[in-house]
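What follows is a single structure, written as structure tokens, with notes after it.
Chains: A, B, C and D, in written order; residue numbering restarts at 1 for each.
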Amino acid sequence: MPVHVISYDTAHPGDTSDLLQNLARFDPLKIRRLALLVKTDGNSDLNDFSRSYGLQSAGLAVEQFGGPALLERSTFLFSSGCEGAMTPFGQLFVDVADAADAQATRSSALAFGCARSRPLTGDEIGTLAHADLVTQTVLAAMADAGVAEADVSLAIVKTPVMSRVPATARQAVNKRITSAYSKAVAALGAGVALDEVERAQIKPETFDADPTLHARRAMVFSGNEVDYVEVLLLANRAGAAGDLYVQTGSMRDLLDAGGLRRMFLAAGCRIGADGEVEDSERVVATLVKAGATSDGRVRGRRTTIKSSHIDMDKHVRAAVSGVLGSVLGDTRAFISANTVHQAPPGGGLCACVVRRSAGE
Amino acid sequence: MPVHVISYDTAHPGDTSDLLQNLARFDPLKIRRLALLVKTDGNSDLNDFSRSYGLQSAGLAVEQFGGPALLERSTFLFSSGCEGAMTPFGQLFVDVADAADAQATRSSALAFGCARSRPLTGDEIGTLAHADLVTQTVLAAMADAGVAEADVSLAIVKTPVMSRVPATARQAVNKRITSAYSKAVAALGAGVALDEVERAQIKPETFDADPTLHARRAMVFSGNEVDYVEVLLLANRAGAAGDLYVQTGSMRDLLDAGGLRRMFLAAGCRIGADGEVEDSERVVATLVKAGATSDGRVRGRRTTIKSSHIDMDKHVRAAVSGVLGSVLGDTRAFISANTVHQAPPGGGLCACVVRRSAGE
Amino acid sequence: MPVHVISYDTAHPGDTSDLLQNLARFDPLKIRRLALLVKTDGNSDLNDFSRSYGLQSAGLAVEQFGGPALLERSTFLFSSGCEGAMTPFGQLFVDVADAADAQATRSSALAFGCARSRPLTGDEIGTLAHADLVTQTVLAAMADAGVAEADVSLAIVKTPVMSRVPATARQAVNKRITSAYSKAVAALGAGVALDEVERAQIKPETFDADPTLHARRAMVFSGNEVDYVEVLLLANRAGAAGDLYVQTGSMRDLLDAGGLRRMFLAAGCRIGADGEVEDSERVVATLVKAGATSDGRVRGRRTTIKSSHIDMDKHVRAAVSGVLGSVLGDTRAFISANTVHQAPPGGGLCACVVRRSAGE
Amino acid sequence: MPVHVISYDTAHPGDTSDLLQNLARFDPLKIRRLALLVKTDGNSDLNDFSRSYGLQSAGLAVEQFGGPALLERSTFLFSSGCEGAMTPFGQLFVDVADAADAQATRSSALAFGCARSRPLTGDEIGTLAHADLVTQTVLAAMADAGVAEADVSLAIVKTPVMSRVPATARQAVNKRITSAYSKAVAALGAGVALDEVERAQIKPETFDADPTLHARRAMVFSGNEVDYVEVLLLANRAGAAGDLYVQTGSMRDLLDAGGLRRMFLAAGCRIGADGEVEDSERVVATLVKAGATSDGRVRGRRTTIKSSHIDMDKHVRAAVSGVLGSVLGDTRAFISANTVHQAPPGGGLCACVVRRSAGE
């Protein structure tokens, strides 16, 4: 079975003991591609160094396990913010080039691809050049996964924000340094690669401004710990070996448990009488991206999502951790907020990787 | 119909415009008892003055509407903290002594009672005397509602915390000034009144320490804006007029959407195929109190509930706002955290007031 | 003596007991003008209701003391944020029209004037119309104080921020709703009234953008508890009775204790060998407004002022509370942050009201 | 010159570029002892991983420079919290065993020593065993520095806090897991080593409780990134080579700029007319530890130090950054808060390392 997806725990952002234990089952020489998708428990603010710390620690662990060559074939995407009933954890994606395992199947199965761009300069972040670089990096990840645009289920994109702007440049770039703006640029760039957004529609004045424009299969994260764009792309590839597949879905708003259940049903899971996924042991990964409307209202009513001392993304992640946790019965899910250009205003997108049941 | 329960919106904690509009339908002279149960959107920290501001504003509004005499017959319980998908709002309880309306029914219907204790001194807060005063105040509210201990569905208790301790007293009372400790004392005092806890079991060393000891029908809130104990008690009283009734339930943990659904089902509501209450227009009030285990784990997994810069109660309220919102489809619910001595560790309790359907 | 300036303590933002005790010495009928300049201890974030609560409480207290007529002649300016070694407190300004007291002096003495604008609409906030309204309100306060532009020492301006923007308007007004932007507009409007800024220089594109443009005698505060502009203007008026006078100064940066000492020396105070004001009992009011450069550096070195989870204004206020407190030896001072268009970038302005010594 | 003290900048907690550049001037084989005393800019809360990240990065840098052997001879003390006008930075202490340099001088000069304890178990933290381990570690650092108890100027102690307590142990150890409690235990343990506190006086009931008991030459920091005690000890050793010496002082309260000036004067610095140190280029290190009284009052007045959403230590550090910055004219100082058992309540202690002027 070539693609493995394994959740591992962390006692803190620098803890790689469970990661190393899970890596031990593989032969590093046979790993074609390794990816980590990790939620760290920092404060998700300007002085949150949990992603940097996790990134450095993961690099040391992978190098210890497989040497610089494996590190070269690895992709790390770290996101912080584990509010509410969310567990800080990591998801290990391993693509094993194992002849014995690699028996082509009749149906499609999970494949993944990775790509990283060159570093962006401070002047480029938040510009059209940034968006184009995201487009190219998503296309490179598609090539790496061996899939065409129509096969892609989800492009997970990490995009840099400017954390240290020279004083002289401040006025001009004021807007470009925000996390939302960088995500907006990256989402539209990914949308072009996935043929969901037209290149001609992407203009600086639409970034984080035109709510009608959005990709449909991109989840975007930002952070000041990177100065490059990095992509982890999930797809069901015809003829791929393995018993995993990825299913996507959508949420009408952040309370839409029904949308989550429809995704799990579509993935072949059973929903019990109490509304919970009954065979959750088959779900090896769940990803949710949810947002709030521009006025912060939910189901038409005032909330404090946009009017408190707590950043709106924290409100959203914490509430969604309750919604998803009550459906899946598991707190290890990759939940994040801010759907700018990734879903209609107030809506969300979701995905899960599920192990095919014995009979399938 | 003697008892009315009406939700009203607030644009901010001092906003009483919607309250006044809802009061306008009543004749102040015929109001036997008025109570407000309000969630304000302050920061829920030591410098949160939203409860005080709301309390002062509500007093001015009720006095404007019904004069000092109505104010004398009114009870105000304010709680802050509206994280996640929660709407800051108020619930107006009015008991109208209207001969025309007051037709005794065969079955029981919602009744409520209120009581306020004398002010506590700083030395008393957190002591057995404090617990005993809570017991007496719950008993007084039962008398006010005209119900016996067995009829009580829920005792909602507001209890003071010491905010300004003289320097000399600090060491001795260090523990007693915390919100959790004051809630612990009050919950046990309420449990004695409700015959759920034995008076002999209440000792200072059990306060916030013995997880096996808890009331089953008390929800306790604390705040430094009061120096007295105040109680709003809900019961279904046999022979009471009106088409409202109260139903309680319990949650296994903060993700237990099933527990919430069972409560709504027991109250006669319908749950749709998507897991949401279908006739939510009949639900006039929902109250949830949920907590976390002492190690902050949920379903056995690490969370950041007890290990982040955000107070654990905020994590819990925000997550539960997602769970409840996804079941009820409404963001106006009285959700609060910290179940010390009000439920087993990690568990929660819930209640709803529902309008009897036409056929009942 | 016609003008009195009295500091009063508050146990919390709604506490008016010390204010009422200080008011008791006056005859409300003889008060020509009353003003309160108050620092409240809220969290200075979107859910800080301490200013609203203080405003409501002060209104109730003044009305209780002097009836609606005195309330009509009163001006309240509330600002929150008391980080570091700062005491939450109020300054009561009273102008008594007392024939016996009002003996014209040879030299000038402290006079003050107040004015309030009409309410601004949400559409006006942050526009040129807003700036012009500030200009007019400062001019009205000058007329109220009976002084010309050259006599003005300090115009203290309160300006509204948009807290509740309709969803449809969000994109267009995104920038105008920030506190810094509203202060920028107000500072330039005040500068025009004080002949420090030319009306032709004020354009939307300069608001919070052109660091070369600034008033020299304006301190601006913003808050969502007001929808009008309010001004308290301090001046030394020739021939005015009384033994108080106001002295202004400037700070090179937020560590510039020397600038503070120069102001106190210019006001006639003595500085002791240890650098502290020796006759601080003569200082009846101290106001400081300080800021940070756009890159957050102080004396050329990196700080976390603009790169932490704590808002930059809190860093600045707390640090300045140490600088001023160590010079004045008193923690009751009106310290605030953000000097946009009120001082050169990184610099600050300061003022004190001092009682003339017996011999003067 | 055997002992070097060099300040280096960090762009973020993981940045070691300036450290490496400063290390480059030394021959790693000749370094007898290396110590880093570093302030990182995390949020100083439970989810602050900046110290761990800095520690990991510094270890990688020192190993890269001098191999595992030098790492073995190195001591790292990291403290977070750079509020107000404070610069996140590091201080590099290097003791070079250089025959050419090591010319014994007539007078004394700066010497330093380091020691690390065995790991503490979770059960030991906060107990007498913990205090005794601190005593032994300080004694070991004295031996490393080659000084007797009377020579010691300052013992800088890092002490662990329990971050992950097993659920079963929670009630019993509730108090011992706090940072203040761990500092209290460590300060008393250091006091015993320095002959300032009697061993018989140290009892669990005095920890963080008896304000009369305190060491006079210990600064204590805590953090959950270590499970051992670590000590960096500064002394002026008779006959030591070099042109550096250390001077200690005390502060009456957190506004006591006079106390800071007296320390710099005692160290031979000049204070200018404006109250600033004129020859600050001679000051190679400044350390300040300041606190607040138990009621949070400063100079007898209410502050928000103990009654806001911001932790008291942040208020103190930010205010002191203003006081010290205005005296020294430099933002690179090691300022920290909480003086439990390290100074009388409300007071503070300070130290500086100064380069002897040419004529001395």
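We adopt the following convention: contacts are C-beta pairs under 8 Å (C-beta built on N, C-alpha and C of every residue); 3 or more make two chains touch, one makes a residue touch a chain.
Source: prediction; values computed, not measured.
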{"item": "Set of chains whose contacts include both subunit D and subunit C", "value": "A, B"}
{"item": "Pair of chains joined by more contacts [C-beta pairs], A-B or B-C", "value": "A-B"}
{"item": "Identity of the chain that, by mean CA position, is farthest from subunit B", "value": "D"}
{"item": "Distance from the mean Cα position of subunit B to that of subunit A, given in whole angstrom", "value": "39"}
{"item": "Centroid spacing, where centroids are CA-atom means, of subunit A and subunit C in whole angstrom", "value": "48"}
{"item": "Set of subunit D residues in contact with two or more other chains", "value": "11, 41, 43, 45, 47-48, 304, 307-309"}
{"item": "Subunit B - residues contacting subunit C, complex", "value": "11-14, 41-43, 45, 47-50, 52-53, 56-57, 164, 309"}
{"item": "Interfacial residue positions of subunit C with respect to subunit A in the complex", "value": "43, 45-48, 163, 165-167, 170-171, 209, 293-295, 297, 304, 307-309"}
{"item": "Contact set on subunit A toward subunit B in their complex", "value": "9, 11, 41, 43, 82-88, 254-258, 261, 274-276, 298-299, 301-305, 307-310, 314-316, 318-323, 325-327, 329-332"}
